[in-house]
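Order as written gives the chain letters A, B and C; numbering starts at 1 within each chain.
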Amino acid sequence: MRKHAILRGLAALTVLSLAACAPAPATGEPATQAPETEAPPTAKTQIRWFVGLGTGTDPEQQPVQEQVVADFNASHPNIELVLEVVPYDAARDALSTQIAAGNGPDIVGPVGWSGSNAYYGEWLDIGPFIESTGYDTTQFSQELVSFYQTEEGQVGLPFAVFPAAVFYQRSMFDEAGLNYPPASYGETYVWPDGTEAEWNYDTLAEVARQLTVDVNGFNSTEAGFDREQIVQVGYVAQWQHPNHIGSFWGAAKVYDENNNAGIPDAWAAAWRWWFDGIWGEQPFVPTGALSGSPEFGNDNVFNSGKAAMAITHMWYTCCLADAGSDWDLAALPAYQGEVHGRVDADTFRVWKGTQHPAEAFEVLSYLIGPAAEQLLPTYGGMPARAGEIDAFFLVKSEEYPFVTNWDVMKAGLAYPDNPSGEGYMPNWNEAWNRIETFGNLLLNDGTVDFDAELQKLEDELTLIFQS
Amino acid sequence: MAPTPRQLRKGLRAGIWTTLALGILGLFLSPFLFMVFTSLKTPEQIWLIGAPIWPAAPAYFEYEGRQLEVFTVPLPDGTTADLAILRKGRQESVFVDPHNLEAGEIVWQGSWRALDRPWQFSPTWSNYADVWRLIDFPQILRNTTFYAIMSEIGVLISCTLVAFGFSRFRFPGRDALFILMISTIFLPATVTLIPTYTFFTKINWVGTWLPLIVPAFFANAYDVFLLRQYFMTLPRELDESAMIDGAGPLRILWSVILPQSWPAVIAVSVFHIVYAWNDYFGPLIYLSTKQDLLPISVALSRFNGIYGQQPQLIQAGALMALIIPLILFFVAQRFFMQGVVITGVEK
Amino acid sequence: MLGQIRRPRLPSLDALRRLTPLGRREMRWGLIFLSPWLIGFLVFTLIPMIATLVFSVLDLQITHGILNPARFVGSENYQRAFGDTQAAKSLWITVRFGLIALPVGILLPLGLALLMNSANVRGKVFLRAMFYMPFIVPFVAAVFLWGGMLNPETGWINRALVELGVARGDLPQWANDVNWVYPTYVIMGIWGIGNAMLIMLAGLQAVPTELYDAAKVDGAGPMQSFRNVTFPMISPVIFYNVTLSMIGLFQYFLVPLVVNQGTGRPGGATMFYNLYLYKTFFTFQNMSYGATLAWILFLVILAVTLVLFATARFWVFYAGQNR
């Protein structure tokens, strides 16, 4: 009887599997692999486009990317472009595995500096192809083009630039009776009683304190403020790595000619300000636990509608669909009298080990050329071509009709971080990781000795740089 | 007929123990409630401060083209009223009464943040429809089922054969081989991933299901270990009597060992299907080029990208993903019939 | 059986020559049945394992690609590993966590299995499936779920504690607190005990009822019948769970990777050995050193497993043994 039971069980399993096999394209796939490889020698060159190191992994972005691929394939009979989208969290592992096995993709992107530097030395010098195809680089500003000229050659071309600005929620300022942050660079901040102050990080902190509110409505400057029950924060360094936080106070290199680490004074000041903002007497920045909670958007704090201000880049428009219909943009604050901004730049890179560099370059020029019109809005990227910027913002205004101040974004282009906060460091991956650990420590533990940890960071970075 | 005292005692015992079990179960499954609730909320409901844990929609009132939030405001005369907030302020706020607009603007002293809202039970069932649509659930389901079943067949066949070999045969070196087999799981998979991936790349299996399914036909240490342990609990008398009757090893496996082992065999089957159902990294690495071959686990993680998190979609998707293994489990459990296992040899 | 030999002896030529025809036949059949695994091992397992061993004596970065020749460095990586304080600390962290998690991971499923096997509980079919259900939840969803439940600020558990009267300042900070992070992981792990419970249940089901009847006739109470009948009969299954749990705990890394972002915080307490390995391999892209650490882990686990197998003869009883 039990034997029959097993037989029945196995029979059921086989039937189920056959049922699964029958109509499904799932088993069809391996079968259709064969015909493709058996195709005549004049078959298309396959170019693999790997998405995941930067933006491009959102469900809403998929149809756009797939349409671009379809359009390209229709207009380029000699190339078959294949899209590979890997979720952001797993993208680096997947890419590393492919590269290590010698099976890397042909094109990677959109990818910024941090993604590219994680694979420093892996990118093809496309200079020869620019020359041989006569590609016109004058359509971009030469400053941007030289951005991508490293010792390895011309490793990229400008595609999307993402200046930064202060994103803020108007309604929160209204509720507190405060004036909005300055709309353009050079303006001062006006307090309700009429006094003016320079728009710098100290002023921002004071404003943010008034906008950090607990469940009973007290802000963090008032007695009776309960820091355990914060329902709104004044400021969040949205998705910023400590290098970013520091660069907004002053762009600098952290290593010298001898590969000794030296934390720039501006960065130390920025981090101290930030640490104090989280754990000080009058906090205005959320702790790690708070910003990581579902109520605060799992680290996407501004999107959850709980932050009055955030400093981040143009690409953030990809991800603030839930932030409401009342946010706007303002100018970045100054440090020691000067505004130090950051400009992120994403582009597509060709992997050094590609078997088809010429075709890869063809795809690349398509992506940053004709396809840019479709891709840039979905990535939230400002066009690198000056002539297209206005058209881009027209699209953005339709998307966010309530935003009045796109100009400050355009103005932000004038404040790039040079050297980039994501720029080259010796042993980049380990160094970036170590600094991130430092940031996490500050975010999650208020009892640490800031100066001791800073010194430890510097010492360990020296070891990393010199190893 | 009235129950006898003995029956009463038995029933009471059953009642107590069952209640205990249910109590433990309740505690154990309470996170599921979280899952279910989250899956029925909108992102706004998840983030709203003061929102109850059950899916509840805050109330809104449309006034002069704007959506105003409604709060339960305590009035000076001691009653409360649901008023719509027109202007928020720290110490005082301005409301309008949705039911009595002629009353004009009502100024209220106090902090609006301390106010309750009138909540309405509002489950967002459309989340499930959204997940279904966004990740093409039928296709994903087909992929996952295909992978689970194909690898399941491989595992069952190969692991029973190998476990039989390890448990019912004695020869020099057998135990060394067993330790060798167990030791293959000591090395973290992270490290062997890249050489394995390179191998599969060279034989052009990347982009198909083959790297994931074919190894299943060559046994794996976990299931062999379990079955071997189980086979070794079965006394040899039946084997020996079958051997005397002239049965070969294969026949002994089929007629003697397997019939006694179906709890373990079913257990192995269920585990493997669940494992294959939720296998993430393998399919991710080998199928990243093929969007339409992805199984549930990989498709689900799309919602968890660092941009655009949708916790309600993840939870809804997860709940939908576990229905089939659960049904399978319910069905398979009937084979876990309790108690009587005939081991006595007919003397 | 295996528990009775102290170390597995490789077949000496002598032993092979001394086989009787029946012994040879048994060996032939044994190997035939083992062949699926043997073939698979040679093709899918042995080569990658040897490859990683080779990595560990080279100077290989991920970006080199493994098919390109790299510099031979001999035992340099191993020397570095032995001097690596982080590696030693990580190993200790892994062991410490294992000492907490292993007992929980064995005793709780055992208790649950006994409960599910009890004649006094009704609705077992339903209950069993329900206890197993959390194990089926995809990892992605489970992590988010527990992150939400155990969030120190807004999680259900802390909210419940506040209702029960715990002051807000005294709430456990769960995954952010050095003292609470291991219990946090253990609690998350408890959700998955349905799997172990089921295996133990299968073992319990196989115990012939006549043994229990015989014990009852001899006047044994529930504790005694557990100690003398149940435990010995299911000891192979418990052994299975102990061995695999131990191996799994040595390789623990996915949970700290996702829950604490693989940073090792709080205070470095979650930088488990396999997490450190993963970071070396993928984040720092140092394949050679990662492979080295992996092989060291291999040796550690091998040693512990051999000890486990050696002690097995004292407490594991196989009914299918030849006397």
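As a convention for this text, a contact is a pair of C-beta atoms (placed from the backbone, for glycine too) under 8 Å apart; a residue touches a chain by one contact, two chains touch by 3 or more.
All figures in this text were calculated on a predicted structure; none of them were measured in a lab.
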Central chain of the complex, centres being mean CA coordinates = B
In terms of mean CA position, the chain most removed from chain B is A
When the contacting C-beta pairs are counted for B-C and for A-B, which pair yields the higher total?
-> B-C
Computed distance of Cα centres, chain C from chain A, in Å | 37
Indicate the whole-number Å distance between the mean C-alpha point of chain B and the mean C-alpha point of chain C.
-> 20
So what's the Cα centroid distance for chain A and chain B, whole Å?
-> 32
Pull out every residue in chain C that's touching 2 or more other chains.
-> 62, 66-67, 144, 148, 282, 287
Each of the following residues of chain B touches two or more other chains, namely 38, 194, 198, 266, 301, 304, 311
Residue ranges of chain A touching at least 2 other chains are 93, 100-102, 294-296, 298
Write out the stretch or stretches of chain B touching chain A in their complex.
-> 38, 43-44, 46-50, 87-91, 110-114, 134, 139, 142-143, 145-146, 149-150, 152-153, 156, 193-194, 197-198, 201, 204, 206-210, 255, 258-259, 262, 265-266, 269, 281, 284-285, 288-293, 298, 301-309, 311, 335
In the complex with chain B, residue positions of chain C that touch it | 1-2, 5, 8-12, 15-16, 19, 23, 26-27, 29-34, 36-41, 43-45, 47-49, 51-52, 62, 66-67, 112, 115-118, 120-125, 127-142, 144-146, 148-149, 156, 190-191, 195, 198-199, 201-203, 205-206, 208-210, 233, 236-237, 239-240, 243-244, 247, 250-251, 253, 274, 277-278, 281-282, 287, 290-291, 294-295, 297-298, 301-302, 305-306, 309, 318-322
Footprint of chain C on chain B - complex, ascending = 13-14, 16-18, 20-22, 24-25, 28-32, 34-35, 38, 53, 157-158, 161-162, 164-167, 169-188, 190-192, 194-196, 198-199, 215, 217-219, 222, 224-226, 229-236, 249, 260, 263-264, 266-267, 270-271, 274, 277-278, 280, 296-297, 300-301, 304, 311, 314-315, 317-318, 321-322, 325-326, 329-330, 333-334, 336-341, 343-344
Which bits of chain A are touching chain C when the two form their complex?
-> 92-93, 96, 99-102, 119, 121-122, 228-229, 287-290, 292-296, 298, 353, 427, 429-430, 433, 436-437, 440-441, 444-445
Touch list for chain C against partner chain A, complex = 62-68, 144, 147-148, 151-155, 168-169, 173, 176, 261, 263-267, 279, 282-285, 287
